[in-house]
């Protein structure tokens, strides 16, 4: 399915690690729809992952950048504009990391330096990227900025830890900056609240398998996977969604609007059988 | 615990069937806090239940009324004002019934005459009560009107059927009329979104036991029971909450803000054990 | 802009009155994107409006139907399947009418027969359409059903009257039926909460001009117009959004996420100047 | 009005500066309702304000603490437990400050060190207080923890700057920690989303007068003032609300559920008169 939906558009994709990444799948789809791309990730993620492979497929340069560093973001934006020969049209933020989660530090005994790092990496990075873009007037009118979020911003999931708070800030930044960038340049900023996804990052979360089974049974359409999410991001980058801004958009097969499904309840009921 | 919180206040309680009813427990607590009461229910519910017992305990007359009948509501309001010697201060709407649910008709093959009845009984009755009160200028300034709702208004639960849609209207009526009655007479109108509760009405809902087990494990404070809800209604009737209006207030031990708890997930995981 | 996004898809559009209608603009765009269409409206609306003109442009038959009549909906669905030679893929519900609003009856002195009519026309019609489609297994897997809604379902606007409650039911129906149709046939059901729009219907609402000025200044991207909405509906009908269901999607230039904009506040401030 | 609602209860109140402060009014009311108190604020705020006066009225010691310092919070909690002779029952967090706002730095050219300070002071402080309390097992079962928030966490208001994002984290912390502290000790954690209030802090916000005029006209009950908020906090500290947790509770005269009121629209319309 390719419809030239992004024909003539240019964009930067943050956070493609390997072919399981939502950012990776989105880059593929954007390329397929006719967009020109710049890929970026931290130097560490570049070493661990396969971004150069993606770079070849999409014919897109990789410009490394630590998204917490204003300097490196400046470099990324300036280099991207040089590559594109001017402004670009869209941007995907798919970045999140919690040192507390990584080190198994629970939320009720949290390390506050790490907590601030979680916020800086997973949320402030989004603000920084936008602020740098705006400073360089880097995004065309009616451009589209998307960050990936998760329902943990609204509802607590055990083990998700300070990432929940980070997603809450991320979504708030989308609103706060969406207002400013919208009134000035008609640029829209939204977050996509995606189903739990078995990416390399996702698989680190505690109890991920069980959670994915549960949400699969709860969601009438089943969980949305990375390819589904890529499709949705294409819609959000396209001109079809130009008046949607400051929104958190659930892309989750219906999970967020479910209280209890018959399937999940039936499975739950089995838990009360006598153990063997 | 009695603090004369409703000293000098008067109110009408709809929907007390028997001592499991939330309306019953609320009447008891309001009485305890010094309020004078009028009780009401449909003639049928009066026969099936024990409201005369409650009437004695609370020293409150029972004035029968079908809450879908404007005429009977007129009679109720006029008689209540006679009994109280003037205006009253609060009102509890605890009324809900779906002929589709009763007759086991599924949502996807619904009977539309019954559907309109569900809405009339469970939601429009709330509008009618308020409209009749307003016409008779029956509620004192800073009065408080509460209706009981359920999270099904926001999130779908299998088997809850057209009652979900009815609760959505109910909450909308609280907002729509809350605006009007608020600006005119400073009267506040709210809905309380209560945990699933094992009342006589609640026990008719499909899969209620399993659902209550699940929500108990999901909610950090456990499910709120009828007595908890009565306490909360007292707070909403008291002068402590005079500036809260047009709200849907979750009273559910935290359930509405949970994505997944460790307890519920642990139980769910047991379902995957080999069957005996 | 045409990208063959709906190539091979077929759909029914309810509610196109004249070239200001959102349904009209959506039909045009769907046609442009390669979809085959059936148009429908009530016989009265057909006489008042210009649907035959649209029919010619889109090469689409008009099959009249009163959306509150199961019989007429049956006829519509059966005839549409005959025309398409089988199942179809999408459906737009753009129907709303309140006899109370029409007759200038205020919300606090409402006529309950009219109120039930408002609900029947503006909300139950959506349920009926879906129920009839499901009965005839009329929609293809991964099909998309959209109804137009308004922020009045969440926030009270003076003068919007019982239409607010109707929109609340409409959105609830999208969730309730979205669950059922999703788990069975992967069909998604969503509502689009659109900016106030100067359609023929919209222009009947009290104080519409001032409201549109206010929301225009509040929304960073300005109000979304009928063409914008048509574009968004195309995205919702396309395969790009297959995992989005049971959602109410704000398409309003950011209005729903605004508390106060500088532009609106500046205008508001002018109201305190000395009158001439 | 005093009903001994907090008879036998003990609590810590953060953030009372002077007699306009919500924290001040809440302390007065809690004292009136029979609670024993400890007051706290930063050394700077103590010098600028009149907290010693409040201390005398409430017969409550003042224990200074910078709420961003774990050490000072440890000292506060230990000293408070000594004073109370054991655990306490409630806690009010009324703390917020943005160096960016103070220095007039706009959101689109923000200083990120200041931004992290805003989050640390206005949101992480809430986490720190709770974490320290939990470590010392300082709060009784069924205790109640409240923080003051603002609708800017959901809807953007120009000029509110990074405080919007801070309030979003604050509310997220209430959920995240509410889950943990709830399941362990039945302690509830909520935020109260208060009307814009003319406290010393509030009067620093850009365009505050106009905003307060607008929200006053929009809210059917008018804005909630500091005394109203104090009353509501008493309800939240009392045993009447024991099953409410992880909620953001709007205490705003209805503002949050309004789309447009007749009063506000009428005033807005005046802005289009010919200037003199």
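Going in written order, the chains are labelled A, B, C and D, and every chain counts its residues from 1.
We take it that a residue touches a chain if its C-beta (ideal position, glycine included) is under 8 Å from a C-beta of that chain, and two chains touch if they have at least 3 such contacts.
In this text the structure is predicted, and so the values were computed from the model without any measurement.
Of all chains in the assembly, those touching chain B and also chain C are A, D.
As for how the two copies chain A and chain C face one another, over half of their interface residue numbers coincide. Of all chains, the one whose mean C-alpha position sits at the greatest distance from that of chain C is D. More C-beta pairs in contact connect the chains of B-D than those of the other pair, out of A-B and B-D.
Remark: chain A and chain B have CA centroids separated by 41 Å (rounded to whole angstrom).
Centroid to centroid, with C-alpha atoms defining each point, chain B and chain D lie 30 Å apart.
Multi-chain contact residues, meaning those touching two or more other chains, occur in chain A at positions 155-156, 158, 175, 178-181, 246, 257-258, 261-262.
Contact residues of chain A toward chain C in the complex are 1, 3-5, 175, 178-183, 186, 188, 195, 219-222, 224, 228-229, 231-232, 234-235, 238-247, 249-254, 256-258, 261-263. Across the interface of their complex, chain C is touched by residues 151-152, 154-160, 207, 210-211, 214, 257-262, 265, 267-276 of chain D. The touching residues of chain C, when paired with chain B in their complex, are 70, 107-110, 112, 115-116, 119-120, 124, 127-128, 131, 134-135, 153, 155-156, 158, 161-162, 164-165, 167-169, 171-173, 175-181, 246.
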